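Common to both upcoming complexes is chain A, partnered first by chain B, then by chain C.
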Partner chain A sequence: MITTEIIAFGIAKDILKQKKILCQSPSGKISEIRQKLIADYPEFERLSSLKFAVETRYVSDDYVVKSREIVVLIPPVSGG
Partner chain B sequence: MLNKEEYFRYNRQMLIPEIGEKGQVRLKKASVLVIGAGGLGAPILMYLAAAGVGHIGIVDADRIELSNLQRQVLFETQQLGQTKTSAAIQKLKLLNPHIELREYPIMIHSKNALGLIESYDLVIDGSDNLPTRYLVNDACYLRNKPLIYGAIFRFEGQVSLFNAVLPNGERGPNYRDLFPTPPPPDMAPNCADSGVLGVLPGVIGSMMASEAVKFILQKGTSLSGRLFIWDALDFSTFELQIEALVDNPLRGNPPQLKELIDYEAFCASDALSDVNILEITVKEYETARLTENILLLDVREPHEFKLVNLGGISIPLGELAQRCDELNKEAKIICVCKTGVRSKEALLLLQKQGFGHTFNLKGGIMAYQEQVNPTLPRY
Partner chain C sequence: MDAVALHTTALPTTAIEAFVSTPTSGGIVIFVGTVRNQTRNKAVQHLFFEAYQPMALSEMKKIVEAAKTQWPLHKIAIHHRLGNVAIGEAAVVIACSSAHRQAAFEACAYAINTLKETVPIWKKEFFEDGEVWVAAHP
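Then we have the complex of A and B:
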């Protein structure tokens, strides 16, 4: 199992009820991390449009997170 | 071009080598359209006016409410009920009589957006909802206008510059490269639903004003292609590199999107639309409550319930999962909150718990105040 650190902003932070979590997945692939988040926090299913960033860029679902890389969740916020 | 009073007025910024007299004249010639005279609009408008940006347009259809004053520092208590655009202009004229101000006390929508932005060099989006954000983005793309973007949520804010001309002549990334698909409406909450720290738009709006001034001066490195995020709660920052997406519907050849669309509909879609959300209007509710046996479930916070309520029982959304068993599964339940967003979330939660007879009060207490009982206090 691979452990990945996840940092959340916006509504994603609300869903996780914390800013940072550690997520366990078989190989650290983004699609697996997404599945795991949905399993642990079902509300993520409704945020299916959410893109995952690693370090400073969006990555696709088949990206495999390397050790010490951090996954960042940035949902849109709309207030003004 | 500048008169003597202006030389004195702008002296402190004209001393900066990057600005000087040439920069000050540029500012004076510039025209900027600010969409939204709210939390973000307040510092944006005050700093642009103070800096001597020569032509400023302000779009906002709202009137000043008491709950605005905690963050919208452009306004005063005695101005409650006044349109935000007229109050803003009153204040900005006192601040700087050398600039030209224009008010648009209207909602920006697909029919008027292109016309509104047409005569401005730069657009700044300080609006408070997702449909307007996509609308302004698309309109700016279609009319080749650079767009400064900022948005806030509780302790958190985002800033960027979209659609700026790059050295190779192409346009920089835009909002659809950053967020191609809108989330379900209740997952992009606005300040009225989820609250906001008063000083937050002060900081984020000031960053937007700073980007605007830099853009006009054509100095420094802009936020084009970068999204800056600040979380005041733990004072953390993050910068995301935004890349142009090949499937951005504005860009393709030919582009999928060649004109403005219905943005309310675009942003209303919910991935969970297979779940039945039945809504009733406030007028339907008025009739139903007299003739039927209804359980009104208010999912707002207790302090909101104290301010104003339509009766019913109060279980805040955050406690609902644990307190479901206080409700009768056979009852006809109508969920209510301030705007109808949180109550929809409550309804989904109840349906998952096996409640079969649930409805959402469309538009929430705000709609009830507007359409049924205007004497109820607003907050």
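Then we have the complex of A and C:
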């Protein structure tokens, strides 16, 4: 299992009830991390969208997180 | 002044206009997004903005570069407010200058529309009886 550090903002932080969590997944693929988060926190499924970023870039569900990379949860943005 | 920035105090609209002004510009378009006192017929007390700052700045820079590629702009600036913002205050200021007005109008509209879709900034509305993250749920 791969352990990934995840940082959350906005409503994602409220759902996790914390700013940072560690997430275990078989290979560190974003799709696996997404599944695990939804399983542990079903409220994520009610969001309009849930995107992922690695460092400061959006990544797709097939991205595999490299060691020491930090994953950021991006719930629906609402700037402006 | 930087072309993109996040501010925890009132946005310097006049300075942002001066930043994009050039002697060859025939038009400056400034969009100021302000905080309304109500949403869906419910009174709003104030807003709170949170950002994933390094990525928000990076996505704002991408908008600046994309706009410069698509329109003949002289300058463009995107500034956003963070933290608590009161009714009537500016939450975002976007300014574009160009030789002729059409490019500045179009680029300014593109910039605010794209910001609302891609820039990791989140807005929370505060009501008398609670608070809600905007657009979080369908």
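One rule holds in what follows: the second predicted complex is superposed on the first by the 74 of 80 C-alpha atoms of A that agree within 3 Å, B and C clash if a C-alpha of one lies under 4 Å from a C-alpha of the other, contacts with A are read in each partner's own complex, and residues count from 1 in each chain.
Here, a contact is a pair of C-beta atoms (placed from the backbone, for glycine too) under 8 Å apart; a residue touches a chain by one contact, two chains touch by 3 or more.
The shown structure was predicted, so the numbers you read here are calculated from the model rather than taken from an experiment.
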item: Contacts of A:L50 with chain B and chain C, given as first, second, both or neither; value: first
item: Partner chain in contact with A:K19 - chain B first, chain C second, else both or neither; value: first
item: Touching partner for A:K66 - first (chain B), second (chain C), both, neither; value: neither
item: Common interface positions of chain A, toward chain B and toward chain C; value: 7, 9-11, 46-48, 53, 56-58, 72, 74-80
item: Residues on chain A engaged by chain B in the complex (per definition of touch); value: 7, 9-11, 19, 45-51, 53, 56-58, 72, 74-80
item: Residue ranges of chain C touching chain A (in the complex, touch as defined); value: 33, 49-52, 54-56, 58, 80, 91-92, 112, 115-124, 133-138
item: Chain C contact footprint on chain A (complex, rising order); value: 7, 9-11, 14, 46-48, 53, 55-58, 72, 74-80
item: Footprint of chain A on chain B - complex, ascending; value: 36, 38-41, 125-130, 133, 150-153, 156-158, 178-184, 187-191, 194, 196, 201, 227, 229, 231, 234, 236, 238-241, 243, 270-272
